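First chain written, first letter: the chains are A, B, C and D, and each begins at residue 1.
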Amino acid sequence: MWGLEHIWWVPILPLIGATINGLVGHLLSKRAVGVVAVGSTGLSFLVALAAFGNILGLAPDQRVYESVLFTWIQAGSFTAEAALQVDPLSAVFLMVVTGVGFLIHVYSVGYMGHEAGYPRYFAYLNLFMFSMLLLILGANFLLMFIGWEGVGLCSYLLIGYYYEKQSASDAGKKAFVMNRIGDFGFLLAIMWIFWTFGSIDYTTVFPVAHDKLALGGLAVTGITLLLFLGATGKSAQIPLYTWLPDAMEGPTPVSALIHAATMVTAGVYMVARCNALFNLAPMTMMIVALIGATTAIFAATMGLYQFDIKRVLAYSTVSQLGYMFLACGVGAYVAAVFHVMTHAFFKACLFLGSGSVIHGMSGEQDMRQMGGLGKKMPMTHATFLISTLAIAGIPPLAGFFSKDEILLSAFLGHTPGHLLYWVLATIAAAVTAFYMFRLYFMTFTGELRAEDHHVRDHVHESPNVMTMPLVILAGLAVVGGFLGLPMIEGGHALKNFLDPVFAQPGHAAGGHDVSVGLELLLMGVSVGMGVLGILTARYYYSVKPEAAVELLNKGGMIKSIYTLMQNKYYVDEIYDALIVKPIVAVSDKGLWRFFDVKVVDGLVNFAATFFMGLGSMFRTAHTGLTRSYAYAMVFGGVFLAGFWLFLSSGK
Amino acid sequence: MTLALVETAAKIAFVFGLNIGVFAPLLGWVERKQSAVMQDRIGADRADVFGFTIIGLFHTMSDTIKLIFKEDFIPRGADRIMHTAAPALALIPALVAFTVIPFGGHYTLWGHNVNLVVADLDVGALFVFAISSLAAYGVVLAGWSSNNNWSFLGGLRAAAQMFSYEVAMGLTIIGLVMFYQSLSLVTIVEKQNEFWHWGIIWHWPAFILYFTCAIAENKRIPFDVPEAESELVAGYFTEYSGMKFIMFWMAEFVEVVTISALCVVLFFGGHHLPFVTDAELISGLGGALYPNFANLAAMGIGILTFIVKVIILIFIQMTIRWTLPRFRYDQVMALGWKLVLPASLIWIFIVGVGILSGIMPRP
Amino acid sequence: MITVNHYIALSAVLFVIGVVGVLTRRNIIIVMMSIEIMLNAANLLLVTFARQSGDMTGHVFVFMVMAVAAAEAARGACDHPRVVQEPRDGGY
Amino acid sequence: MEILMFNLLGGLSVALALGAIISKRPVNSAINLIGTMFCLAGLFAMQDAHLIAALQVLVYAGAIMALFLFVIMLLNVREKVGAESRRQPYWQLLAVVSAGALFVPLVTLGGGKILKFKEAASGFGTTAAVGRLLYTDYILPFEIASVLLLAALVGAVILTKTKIR
């Protein structure tokens, strides 16, 4: 079968592109660099498409293909193969990553056209593609971990792309450190898995998980909690989410690809991949759902009063990722993956749209300077509106189907407190609709508020190379949801496709027994919440903008909540006070001033003083005349030899 | 016992005669004549006996006679003993090194087994290097004992240069030793019985390195900084005349022969004819019918082959001598330490990999 | 008939000569050479006993002694110029 | 024959060693010592230690003594008559006496017994045999020796480098 057998080309092609651009890119013309980067990703996408077709052609219970490239590590009982695995789950991710990745590469050609370090950018981006594909396709935890680290590295490199800028390099470091905390948990989990199962291959671990581990036992809970710690780092969940808004310092296509569509969903992928383990740990599932729901509402409220267009989207990403984890936490992995897919479409579109806006606004990101762009940038406007409607959950756009499925799953879930999650998520849906349309109205309607007349005169629609990806993504945001269309009565296309991965023994992963009426009622509630959010936003930011100002000027509760939200609940400051400051203080006062100066230096000084004193006692014997030593040696030798002679003659 | 003594004495006589009696005087003539040919001159042709010059060959004789009857001069303030001993110290090691070089193979003559090497040592190759490392003393002492700054500088240069290249030279043949699995030169020659086992086939980089080191060790152009006449008058033998002077020259020529002979033994199959093994040669000469005669003939052919190969290599050395200009002193040292030494280490590594991976099949 | 005792005696004589050299000479180079004499005396004994017992471990030891002597010589040779240059420190 | 060789080489080595420690000029000392090394190499060869004999010439006579000689000549350490002439007869007497005292237990090392050589096994002392020992049982000391030589090399470079500045 052409496709699956060549699956290793999928990650290798971007790696080749990254190597070419990274090593000799500066010698090539910009056009050549673009051709290499886009071409390698495009070819990779084609191979992935072929592989996907092959997977579809197989019988549903045989849709697992493993290709062992070579034995990578062999030490004792530990074996790690460099093996790639394609199953429905990775196939869906494969399509999203290569497809969206390809579009964003195309977009980048236009967006980054004027930047210095053009080849460097594409080398990183291609390297990211390689790492992400390795993460998805790896057939064991170690290979996934390599990809996991690789995407973290690329994320760091790309956030800090404008490394001359202090804030950008700081943001890169922040992302890296936050990710490392999560990676630490992931690594421990891998070790624990190897300890428990004696293997790190998916095909060895997952089938026996149910037999080897007790339901809710310590081992499985520990492993899954550590795995989830890794996921919170990579997917920006509470408490490790603060890096993602800062990550917006990177170029906008990077935000779209890495910090919206692909890398941040790696945590979801990992949890979904390890569903066999998570299903055995109800406590972890509860925590996952709780964290997901909390993050969803928490991040959504933080997005309410941001003025940086990309930051709003960043908080919205965090919030949407919360939805995905909520879905995972209530066992609705299909809904989570579904939302990953639809979210990739509309969020990438939104980010790229915002990039287009920023491009048109000559780099301005503050929404207070924008307004009325709809007329000047019709393509961007149209695609942006579609995506905003999608994220707000308005039927029949993609976001509606996936979000609604998550809400339904939460409502019907088995996890304790699932109704609370449902309430939180529903409120978050309204808030999402509100702030997204706030963004939309502030940007595209009304009058242009920019003060700088250069900017005002320069506003223009982006070139085709940038708008075409927007159109494609917006189209996908429209139709992407239809995969989940026949959802009433026993599953839909995506569910049927993914079910072999999630159908584990001992767990009911089948459809919910739910009446059509209840389902329609829930749909109505969520759509109603969305519409409510939209209308509120329209009132305050389009119809009667002064009302918002009035509301604020009244002071009191609303004012303080506003301040709290605008300052992101002071989470960064709390982290600083609770973690960074104490560590610095302990290192400074305790480790340095006390332990190093007093204890270590003290010991050294004591040793020196001691031997100096001792030496001063023996100094008299040390004449410095080598010959006297030689004499002493000879006399010693004579004495020893004579003594030995005396002893042996006595026998 | 007596026969063995006679045999050894004969071999020693042959080796010494070949070196002192034939090669050393002839090389003086060859050097003159070849340079003349290369530089489109006539060269020395004035010495004659009854009007016959024989392309200048009589110059060898006249030179010898002249130098023997020249005044033996020892400068004031020189260390007399060292000054006298130094030329001998330079010449003797060059001659002694030849004792372990096989100039033929094994032959059975009238029931008596003849092995054409003066001493078949288990550590033959090491012995050659050990002895040739002593040659430096003669030069160094000559420079030191002459009480002359030019000589002294020449001696120091010679010492540094010879010690440096000794290290590299020892390393160049390690690969060969690994290949033939023996330090004994006789064994090495025996293993080159077939043409495809000759050292030069696999070890030509080692040959290039070894040849370079050997020329440097011999202090001949382009490595003749110890006696650079434009800088140091004549270096370490500035203060020598007469027979002592001629001994330095003889030492140099004998070393030229020794280097060539060692190269032949290590890289060019020793006395073996290409594509003809010893056994084939003897049987081809009628070994079944007249074993003694065939062995004797094979011995003659073997020695002749050996000498022809040696002469070819001498010719190459002479050509190099009259082709290349002299290196500067720092260039000489840099070449030795920074190029030849690392290159020979790398070559050892390559040979090791080649042998272990089976690419280089050992004979 | 030559015996081990011959070699022991010869080795002892050489060793003692080395000791005397170390004790009486002031030139540090000669002192180092005297040490070499002592090492060689020990080597001779090692080789002798190796031959007597048929165990080549003695040869290995000699090999090691040579390596150490070479290292020592290299170091000493570097040190010597400094000692000569600063005669106050080199007051052997 | 054997006893003749032993007497010749042994006597020569003792004489040369004496010459090495007595002669006034360092160069003469070095030359004498080279002779001693050579004689000892002969004695090694007499005891079937062929590899050690070759190494003795190569390492001791060829390298170590060459280094000494080179240093002596480089510094031109001619007769430091001034330093050496301040003889201290008492010290010298003491040295000879104490060395003589050391000699007594050394020669009686055999405990008065006459130890005879056995016939050497075939292959004794050959390169292959010693090499096999070096690369199997004594590989660790062998490697440590190589590290030692490397350290000496680095040390030599550093010590001489500071001189140039």
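Quick note on the criterion: contacts are C-beta pairs under 8 Å (C-beta built on N, C-alpha and C of every residue); 3 or more make two chains touch, one makes a residue touch a chain.
Remember, predicted model here, so these are calculated numbers, not experimental data.
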Between A-D and A-C, the pair joined by more C-beta contacts:
A-D
What chain lies closest to the overall centre, CA atoms only?
A
With centres defined as the mean C-alpha position, give me the chain A-chain D separation in Å.
71
Inter-chain centre distance, chain B versus chain D - centres from mean C-alpha coordinates, in Å:
29
Hunt down the residues of chain A that sit against at least two other chains at once, touch-wise.
627, 631, 634
Counting only residues that touch at least 2 other chains, which ones in chain B make the list?
none
Can you pull out the residues of chain C that are in contact with at least two other chains?
19, 23, 26
Graph of touching chains, which shape: line, ring, star, complete, other?
other
For a test of understanding, state which residues of chain A touch chain C in their complex under the given definition.
624-627, 630-631, 634
Chain B-touching residues of chain D, taken from the complex the two chains share
25, 27-28, 31, 34, 50-51, 53-55, 57-58, 61-63, 66-67, 69-70, 73-74, 126-127
Listed in rising order, the residues of chain C that touch chain D in the complex are 1-21, 23-27, 29-30, 32-34, 36-37, 40, 43-44, 47-48, 50-52, 54, 56-57, 59-60, 62-64, 66-75, 77-82, 84
Under the stated contact criterion, what part of chain D meets chain A in this complex?
91, 94-95, 98-99, 101-102, 104-106, 108, 111
So, in the complex, the side of chain D touching chain C is made of residues 2-3, 6, 10, 13-14, 17-18, 20-21, 26, 29-30, 33, 36-37, 40, 43-44, 47-49, 51-52, 55-56, 59-60, 63-64, 67-68, 70-72, 74-75, 77, 80, 83-84, 91-92, 94-96, 98-100, 102-103, 106-107, 109-110, 114-118, 120-121, 124-125, 129-130, 133-134, 137-138, 141-142, 145-146, 148-149, 151-153, 155-156, 159-160, 163
